[in-house]
Amino acid sequence: MTAVLETRGLVKQFGGFIATSDVSLSVAAGARHALIGPNGAGKTTLINLLTGFLEPNAGAVILKGEDVTHLAQHQRVKRGLVRTFQINRLFADMTVLESVTLSVCERLGYGWNWWRPLAAHGAAVDEAAELLGTLRLLDVAHEKTRNLAYGRQRMIEIALALAAKPQVLLLDEPAAGVPTGESRELFDTIARLPREVTILLIEHDMELVFRFAERITVLVGGALLTEDVPEVIAKDKRVKEVYLGEALHD
Amino acid sequence: MTPAALDLSPLRRAAAWHPAEFAFWLLPPAAYFLFPDYLALLSQIAITALFVLSLDLILGYAGIVSLGQAAFFGLGAYAAGMLGKYGWGDPLLGLAAAAGVAGLIGFVTSFLVLRGADLTRLMVTLGVSMMLFEAANKMTDITGGVDGLQGIEMKPIFGAFSFDLYGKTAYWYTVIVLFLLFLLARRLVNSPFGLSLRGIKQNVLRMPAIGAPVHGRLVTIYTLAAAYAGIAGALLTQTTQFASVDVLAFNRSAEILLILVLGGSGSLYGALIGTVFFMVAHHFLSDINPQYWQFWLGATLVLIVLFARDGIMGLGRAAVARLGRKAP
Amino acid sequence: MTIVFDGVAAGMLLFLISIGLSVTLGLMNFVNLAHGAFAMLGGYVCVLLLGQAGWPFLLAVPTAAAAAALAGVVLERTLYRRLYAASHLDQVLFSIGIVFMSISAAHYFFGARQQPIMLPDFLLGQFVLPGIDVGIYRLFLIVIGLGLAYGLHWMVRRTRFGAQLRAAVDNPRAARGLGIDVDRVFTLAFALGSGLAGLGGALGVEMLGLDPGFPVKYMVYFLIVVAVGGSGNIHGSLIASLMLGLFDVCGKYYLPQVGAFIIYAVMVVMLIFKPQGLFGRSAAK
């Protein structure tokens, strides 16, 4: 299998604190890969480094064989690396359809079009509507995002990312704060995504992780602990200790 | 489900002309015939409306706070004034030059302004406009300082319509320029580009994650808004045949901010309606006593911030919504 | 040298007035463009007490400061408090509203003219040292400024109130959890800031002048002090104020044709290259 996303010796320091320490990670094309680790393991920092929100002190990020370490966030998105956020980052005063159409427009390169109205960009609007259909959001297409229930908003968070047609999708705790019943539906939606979309998932809920992932990387204290298939990870003593340790601290 | 199942009419309606808009644009011609004695004031209203519109584009749509939009107004005013003074008095040439100069300085300073967050932007925009004010104030041999630029002579528009004593030509000229630039702005805010500006205002951190080049968009709109403000300044110089350092003063920047908030920012008609209310009130109330005017202005501002954050447009929308609910 | 001395004195006045803004803007993150209005209030109260009521100078000045502090408490309790969580734009608009109201109120009560001030005899005159004429009032300003800077530093570092203020500003929620009355701390900090502004306004009538345009005329100066000195930083504000006072007085004397241009340019450059201010934000903590 070829790696679609790789990091080589990634290091990130905040002052004297080392948030990411020499992380070399490889995500295969089409993978269902999960990134786990106790609180403060540096999972979100790693995602921020991958997407370009943060710049590493050392190391490289390789996307589809191309070094993207110094590319801006939006340029990585253009190359197919898209993320969602642990805490919703939505367009509160837009309708759901507008939000998703905005994302589609940016992908299709309509973002600089300033003369023809949005509704005249039929291809973008149709595609957005189709995506809303897939995600069962059509009934609220013309509602303002801020008026929706949290579970629906969480789905829009994913819709915005999918509208960018990711080749690699980084999901940062997509089910965070969503009631159990709805989180199942959310994960079913994610599981239905085609294999062309490589998924790297950060998730706290171990049940969801083991149901979804085919490969698991464990991060502790900013460094890689181990990486393997779920069956092996489940039996790994060190992983148990790490999580047990956290449980004792809580 | 297929897209056909979704009714797209709300999206189309957003960009279509509402009957109330046609009615609104009948007002300027009507005012010409109803208030022939107030043409100077009406021209001032049109000019200020254009200036407020320029702030609305960056603040109301893209969320860039600015306390220094007068910098571009002043640049435009002086650009047109200089041309007029040295024999290049063609009005449209003046507008083009004003837009060019203000847009150029807007483009250059945008890189300074856009580096910081809200607070830094406030102070950098303020600082840049104060620098220009001080520069104009000291270079009296060029700008005329407080006494102003004298001897500006305007040629007829298209070589046919000369500026008359009653301000008839001036009125039509300013209203038409306002209307054309309004049409352009209206196109812009309803386009995908306009939507991306709203996206930046509502969640600037999300925009790069959906592939949008935030910085480029902001530089573009800031430059365009600077050009709009420059044209407004040029209109003032051309219709009054005068320009002094007052065009760069802080009060102007604060005043349009206030008008925009009064009318309702993030709405083009908010900018226009706010200007009409403000200018008419200013004209009649400050005649009575300028100090009272300023006091009530301040009080209104405080009340708006505390109780009616969306201005006149917001109150209007709320009233319409309430009526709609009562109606069967 | 005399000019340098005058610059230092002007800097001290700026420091007195700006330090309150440094707390509200820098620490409490409230853009209060109306800060100069409190200084103006102090100025008018002082002039009134001296001129109309014939109070002695040393009594009138503290009373003026107290009046400004009282106004600060009342406004904070009734209005400012509602906007702590609002956007910077809302705070700007609100405080511009307050500025307008204060300007027209000053116009209404006192007219547009500059207010004269009668200094007591013991602060008049000057003595001559080698190469420098020391105005006694200037010296008085410098001594008071230094004394207050030291006092404030001591208060923030060493007193219970200082600790509470630092805690409340750093993390209001945690501070509440620790039983600190955050609302009260903010009110007191605001009152202190307004009071100092009032004091600076009263002492500054002789040097900075006093007319209804005061809050706008010096607004940018106060903002510069905060921008350059760093937020809520007493040392930083002091040094920034002194630099600004020196620049301003020397600039007007030696390079009148350039005027205030340099000062604005310095501010813009500062904001762009060191947005945290020359002295960062850590020293007050």
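Going by the order they are written in, the chains are A, B and C; count residues from 1 in each one.
Throughout what follows, a residue touches a chain if its C-beta (ideal position, glycine included) is under 8 Å from a C-beta of that chain, and two chains touch if they have at least 3 such contacts.
Source: prediction; values computed, not measured.
J.: With chain centres defined as mean CA positions, report which chain is farthest from chain C.
T.: Max centre-to-centre separation from chain C belongs to A.
J.: Per-chain Cα mean versus the mean over all protein Cα atoms: which chain has them closest together?
T.: Per-chain C-alpha centroids compared to the overall one single out B.
J.: Between chain B and chain C, what distance separates the C-alpha centroids? Give it in angstrom.
T.: Distance between chain centres, rounded to whole Å: 34 Å.
J.: Using mean CA coordinates as chain centres, what's the gap between chain A and chain B in Å?
T.: Centre separation, chain A to chain B: 41 Å.
J.: Just how far, in Å, is the C-alpha centre of chain C from the one of chain A?
T.: Roughly 49 Å separates the two chain centres.
J.: Hey, which residues of chain B end up touching chain C in the complex?
T.: Residues 59, 65, 67, 112, 115-116, 118-120, 122-124, 126-128, 130-131, 134-135, 137-138, 250-251, 254, 257-258, 261, 291-295, 297-302, 304-306, 309 of chain B touch chain C in their complex.
J.: Quick one: in the complex, what on chain A touches chain B?
T.: Listed in rising order, the residues are 51-53, 72-74, 77-78, 82-83, 85, 89-95, 97-99, 101-103, 105-107, 110-119, 121, 124-126, 129-130, 132-133, 138, 141-142, 160-161, 163-164.
J.: So in the complex, the part of chain C that touches chain B is made up of which residues?
T.: It is residues 25, 31, 79, 82-83, 86-90, 92-94, 96-105, 107-108, 216, 220, 223, 227, 257-261, 264-265, 267-268, 271-272, 275 of chain C that touch chain B.
J.: Under the definition above, what is the set of chain B residues touching chain A in their complex?
T.: Contact set of chain B toward chain A: 1-3, 5-8, 10-12, 14-15, 187-188, 190-196, 198-199, 202-203, 205-214, 217.
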